[in-house]
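Below are structures written as structure tokens.
Look at the two complexes coming up: subunit A is in both, with subunit B in one and subunit C in the other.
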Partner chain A sequence: MVGSPVFLIAIPLLAAFLIPLLGMVWKELVRIVPGLVLAYLTFLSATLYIDVINSDTIVETIAGWRAPWGIDLVFSPLTGFLSTIMTFMGFIVWLYSYRFKRNVEFEAAKKYFIFLMLLVAASVGIVITGDIFNQFVFIEITGISAYALTAFYTGRNSAEAAFKYLVMGSLSASALLIAIIIVYAQLGTLNMAEIAANIDNMNVEYRIIAMIFFIIGIGVEAEIFPLNGWAPDAYTEAPGPVGGAFAGIVVKAGIYAMVRMMFTLFNISGPMQILIIIGMITLIIAETSALRQDKLKRMLAYSSIGQMGLVLVAFGMGTQAGVFAALFLMLNHAIIKPMLFLSGSYLEFNTKNKYIKEITGMGKKMPVVSAIFVLGALAISGLPPFSGFWSKLSVLTAAADENMILIITLVLIISLVEIVYYFRVINRLFFFDYDLEISVEPHKPGWNGMVALFVLAGIILFIGFYPSSVTGFLDLAARDLMDTHDYINNVLQLGQSIIQ
Partner chain B sequence: METIITILLIFFGGAVATYFLGKISGMLRNIIFLATLVIPAWMFFSTISPDMVLELEILGIDLSIGITPFSYIFAIIVLGLSVIAGFYAVKAMQGKENLNFFFANYLLTIGAMMGILFSLDFITFFIFWEIMTWSSYFMVVFTGKEVQKTGIRYILFSALGAYAMLMAIVLIYTTIGSVNIGDFIDNFHLFPTNLKWLVSILLLTGFAVKSAMMPLHVWAPGAYSNAPMSYTAIFSGALSKMGVYGMTIVLIMIVQQIPNGYWIKEVIAWLGGITAAIGTLWAVKQDDAKKMLAYSSISQLGYIIVGVAIGTPLAMLAGLFLAVMHGIFKSTLFMVVGAIERQTGTSNLTEVTGLIRKMPWTFLAALMSIIALAGIPPLGGFISKWMLYESLMGSNHYLLIIVIFFSSTAAFLYCYKFLFGFFLGQEEKEWSHVKEAPAMMVVPMLILAGFSLLLGVFPGLILKPINEGMQFLGYVSTDNRFWEMSMIFNDWGNQVVMQPIFYTIIAIFLFFLIFLTIKGYKTTRYVTTKDISSSGEIPREEENLTFSIGFMQPFFRAVAPVMKRQMSKYYTGFGKGMEALFDFTRRIYTGNGQTYALYLVIFVIILLLFRDSLF
Partner chain C sequence: MDTTELIRIGVYGTSILLILIGLYAVLTKRSLIKIIIGLSIIDGGIHLLLIGIGYIKDGTAPIFSPGSENAVARMVDPVPQALVLTAIVIGFGVTAVALSLVIRLYRHHNTLKIDEIKNLKW
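And then the complex of A and B:
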């Protein structure tokens, strides 16, 4: 065994505190250490994940206090799957921004990497913790590092965006706190498994109120409508890789928290109207708004929100097939959307106002980056043979299983909108007549950024051609989420425990 | 068996190889490109026989690949046209930018079309269908003209069709638990009635988009005329036939099983007829040859749809025969326009005149194809039109005959305009420098023109595979009974009964031609258009004696009411309305933090108010 799940949180936190000290020794360490840490985390998470799949869920108790008294970490096929994606995406984002931040002065780079580490650590924490108050703490840490990263460029706009995010984040945090208080007052415990086991003892009215406040509390991170007003601004004003990290890591954690709450905490089985309705509204409003955007990152942000809406719809079906489809979508989105953000921020690096029309003709100047962007656009709009197609197909079949013809129709119509706005950008990149003035000098991509993009593109193509390579994992993860009983048993009776 | 996989692998591998080797040298790229076209075609025609099936499994869904006698007909069209047009494309595109991309995409489209024909299950079918869509999209926007308008229109309609199809596929999968097309057809009678209707209409919508049927045709004029002509030859010739392919299967195998499904066929037939008539009217109006041919393609596809939708054995025979013929003569015509555009720099019928002496071989190819298009014997178009009329009469569609007859008569107008505009008329100084297109472009055109003559004289060559394909669809074999089906054939269907008459006419014509040539050879004097005197006055150099602008004004005054209502206007209006609506939803995100906080509060209130119904 290379380590235990607690390392996934402890090591990046430790590293985040050590980075300023290391920076005093040798400035370059500030850039290198986060990479080493994230690489180790990816490796650790993947190893543990394979372990978990082959044997059984790892439940780790912290500080010797067993559940339900202490905090425990649950590394199951589902959480392992998500934490592996997140740490991997964290590593990719680091790889991309390793040299990108070289032109930024030392202080700025130091902060950037510290917050990046915190962001990844806290997001992984949200996923693997088995305690709602602990989850609340991690959501707060994620939020704070996300606000800081949004304001990275310290301009007026980024400050404004970060402030909006902060306002929404703190409002939601208080809602979350209220929800936790209600649950604690009713059941006297904060452990997820124990709450799940005793949820039937809770007063129905309180249960619903708690659920509502949970939805509000987590909804901001999960970008559901109408709590996602911060998202377009934050994605636009934050540096490109941070946008990628939001789409690939933070939102996934938010969605996980939401779904864990609905499926496990409140032990709902069968279709969840609320998720379907919220998801559908989010999807429709976000995708239609994306059509009318004139800034590239803003468009990508709306598209990201829309995809999350679709994920919630798929989860809301409450069936094995639906959860499978949702996880598949999350996987694809976690890979494709950061790829779009990363390549997109290369494309618009030197433009003045970051408008889409400013990147017209970039396909000539940066053919490879543009081609990767096109690949991402084709994949995310669900065109075969790329990976996005398979997830869209599984969402549709899951919906058809439940006889939700209206949902199928709406999802497909929205996909048309998606195709239109992505293809408009593709047209601008490659196929415009060149008479338009293109004064923008392309930014020369570093080797590390290109490696990151190529790795992501490779994964997209690989999943596209061999979808069966990931379906086994997704199936296990979906089964894990569906089986609340197993979760309770694992946690409360300590299936495969490590006591430290 | 493995040949099918090999063919697909060659196409997709060849596409990649063409792209990357093109970075090294253009010559190498051209060689790889042509090899990728020729080798699979050779493999296909030498080793493949229909009824091969191969099973695969992806994502827990059983996929199967194979070939049926019916898809064999379309494979002939695709492979034949793509090889010939490929040679043309190599020369025609010479010197253009971004050729690696062009040729790679070309191969992708061909590979995807073959994939469509090889796939025996819906998932494989859909994957190849979409690859075909986006690869052809990249060709539509390749020239960079009207990218946002035409390109987006094309992708939007294609995606609309594809998603309709996807929805049908998903419904089928959940109903019968299999995506195999054969299983679907066998189990279709188990579907509930409303699902039967829904699935068939969705599938038909998907195919109708690609075959440019009214009212889903609006993408076609722009897309056909915007793509490079060497690609449009495939686009209109072969790619649109994929829609016909799917539509035929749905109409014959599926709709047949619906009680009252007869009405779907009637509606489709009528839509086909209207498409034919409207397409023709618009074609006559165009001054740009590309646009004219694009509209003409739409109208010809309308005929094919009529034939397929009527569905009597003879009508089906006519539709499929016309599909093959249209592939041949329409790609020839697009190639002709491509050649003229390359040599003169424009494809406008009102500007270019009198090319007959400058580009005689191109003229020959154009003439033959126009004759075939207009349905004049002895070329193939005549036979298919005859069969179509006969089948319409046989199945009592008298009103439809009038529509079809009107449109094929009106087609003469644009046929004439095309020939006259480009080749005949007064020679002008402006075009005196024009030379014949290079041999590598002319020869493919002439080969195709030769095919339309060959099939006109010996229709049996293509009727045999069509007959086998129709047997696969459940028709009784028509072999050796062609005479019973249409009075135009002899018993075996390999010749047309009128042929002795044709031969006589041709012989007399040739005899007089030779006789007159020899007799008048010594006294022959080449005259130019201005070498005349009218009313005792010799026309000056700059005077224009022929007119190619504003043809057929009275005709348009007569049909003006029909043409006033243009489908695309409605779509544009709808699109504008949607954009305005979306702009409204965009404004929900005001960019003001206070508003967002307010939203949060409202959201809490709504959830609390509706908690009973939501949870």
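And then the complex of A and C:
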């Protein structure tokens, strides 16, 4: 045992508070320490995940109060899978931004790394906690650090984007708190497993009201329509790596909270119309909006929202195959979308207004970064032989199993739309001549950023050629989410096994 | 209807009223500061609601001490109080961040009116 799940939250929190002090000793520590912490977290999470797959779910009790009285952390095949992806993406984002504002602005860089630590800690917390109020606290910490990261640049309109995000975020957090109050007043417990075990004792009306408030409360982080108005602005105005962190880490936590609430808390089995409908509306509106964006990051943001809609549709099918497809989509999106954001922000590094037309002909000036961007674009729109193809295929087969013709048609049409708007960018990159009138000076990427991009590209190609290397893990995670009974048993009865 | 019921209805009614007032302020007011005040009013309403669900008539503090072992039935539920403390701290943090963003916006645009700050689509 290399450590316990509680380290996944405690160590980055501690690091966040130590960074300013370490910065007084040696300025470079502000950059090195977050990387060491994130590398350790990835290692810890991966080791624990392997342990969990081979033996049993780890339920960690905090301060010796076992569930349902205390807060517990649940490290299961599903949460372990997600926390491993999230810590790994945190590490990649750190690697990419290692030289962020180096020798330029020490204070700004310090704050950036502090908030990055908080963001990762809180997002992992959302995933592994087993207590709804604790989850609310983590959602708020994620929110506050995300607002601060969005407002990072003083020169741009970032404060405006952050304020918009803040208003939506805190309104929805209020809704989440109301939902928690309703559940507590009805059932007298905050523990997810105990709520799940007793949910039948709750009146149907209260259950529906609580569920609506839960969806509003979590919807902002999960980017569902109509609560995603913040996303395009925040992704555009935040620094490049932060966009990658939002897409790879925060949104995954939001989606997890949503499906945990639907599948476990309210113990719904079978198809969930509400998730399918929300997902479809989100998907259609986001992808059609992406089609008419003229700014690169705005387009990527809408594409990200659309992908989350598709994930919700796949979860909403409620079958093993559907959940499997949704998790596969989440995995692919967590890797591909940050790669697009990171390579995209290299491409438009020197542009003034971040318009797509400003990167015309960049394919000849920055061939490697452009090639990586194209790889990401092809992978996310689901072209073989990249990883995105397999996840879209599994959504289609899952829908075909349930005879959901509407979903199949929609997914195919949306894939076409995605190809259209990604090819618009690819076209500008490679098939237009570099023109000093509209294009800008290319930016020389740092070695650290290139390493990060190559690692991500390698993973995409690997999953693309050997999808069977991840399907086993996804299958276990899907089984874990579907089996509410097992979750309740693990938490309520085996709650103390870890202490002895 | 006894007084306990009346108090309970009063507390719930007040908190829902506060939440609605706050929501009205957030959705209709055009000044950034008033929007933040609205958010704080919503927070206040929710905190009152949270405390309200733990209310017991003639309740005592949930502490076991010599001579009051039989008081379990009259002890108020400590969990909502712990929750409300946490929620207050979080609300404070969010308000502080919001106000600092407003300062940034004011320096950038020289106004607090939301209609005049629309470089991004609202």
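The rule is short, and it goes like this: the second predicted complex is superposed on the first by the 488 of 500 C-alpha atoms of A that agree within 3 Å, B and C clash if a C-alpha of one lies under 4 Å from a C-alpha of the other, contacts with A are read in each partner's own complex, and residues count from 1 in each chain.
Quick note on the criterion: a residue touches a chain if its C-beta (ideal position, glycine included) is under 8 Å from a C-beta of that chain, and two chains touch if they have at least 3 such contacts.
Remember, predicted model here, so these are calculated numbers, not experimental data.
When the two complexes are overlaid on their common chain A, residue A:Met450 makes contact with neither subunit B nor subunit C. Within the superposed three-chain arrangement, the count of touched residues of subunit A is higher for B, of the candidates subunit B and subunit C.
When the two structures are aligned on the shared chain, A:Ala151 is found in touch with subunit C, with no touch to subunit B.
Contacts of A:Leu171 after superposition on the shared chain: both subunit B and subunit C are touched.
Looking at the shared chain after the overlay, A:Asp233 reaches both subunit B and subunit C. In the superposition on chain A, A:Phe163 makes contact with both subunit B and subunit C.
When both complexes are overlaid on chain A, the residue A:Ser468 reaches subunit B alone and has no touch with subunit C. On subunit A, the surface patch touched by subunit B in one complex and by subunit C in the other comprises residues 160, 163-164, 167, 171, 233.
Subunit A meets subunit B in the complex at residues 160, 163-164, 167-168, 171-172, 175, 208-209, 211-213, 215-216, 219, 226-227, 229-230, 232-233, 273-274, 277, 284-285, 288-289, 291-293, 378, 383-385, 389-390, 393-394, 396-397, 399-401, 405, 408-409, 412-413, 415-417, 419-420, 423-424, 427, 430-434, 467-468, 471.
Across the interface of their complex, subunit A is touched by residues 19, 23, 26, 32, 35, 39, 42-43, 46, 49-50, 53, 77, 79-80, 83, 86-87, 90, 93-94, 97-98, 101-102, 104-105, 108, 117, 119-122 of subunit C. Those residues of subunit B that touch subunit A in the shared complex are 57-60, 123, 126-127, 130-131, 133-134, 137-138, 141-142, 144-145, 147-148, 151-152, 155-156, 159-160, 163-164, 166-167, 170-171, 173-174, 579, 581-583, 585-586, 588-591, 593, 595-597, 599-600, 602-604, 607-608, 611, 614-615. On subunit A, the positions that touch subunit C within their shared complex are 133, 137, 140, 143-144, 147-148, 151, 154, 157, 159-164, 166-167, 170-171, 173-174, 177-178, 180-181, 184-185, 188, 190, 233, 236-237.
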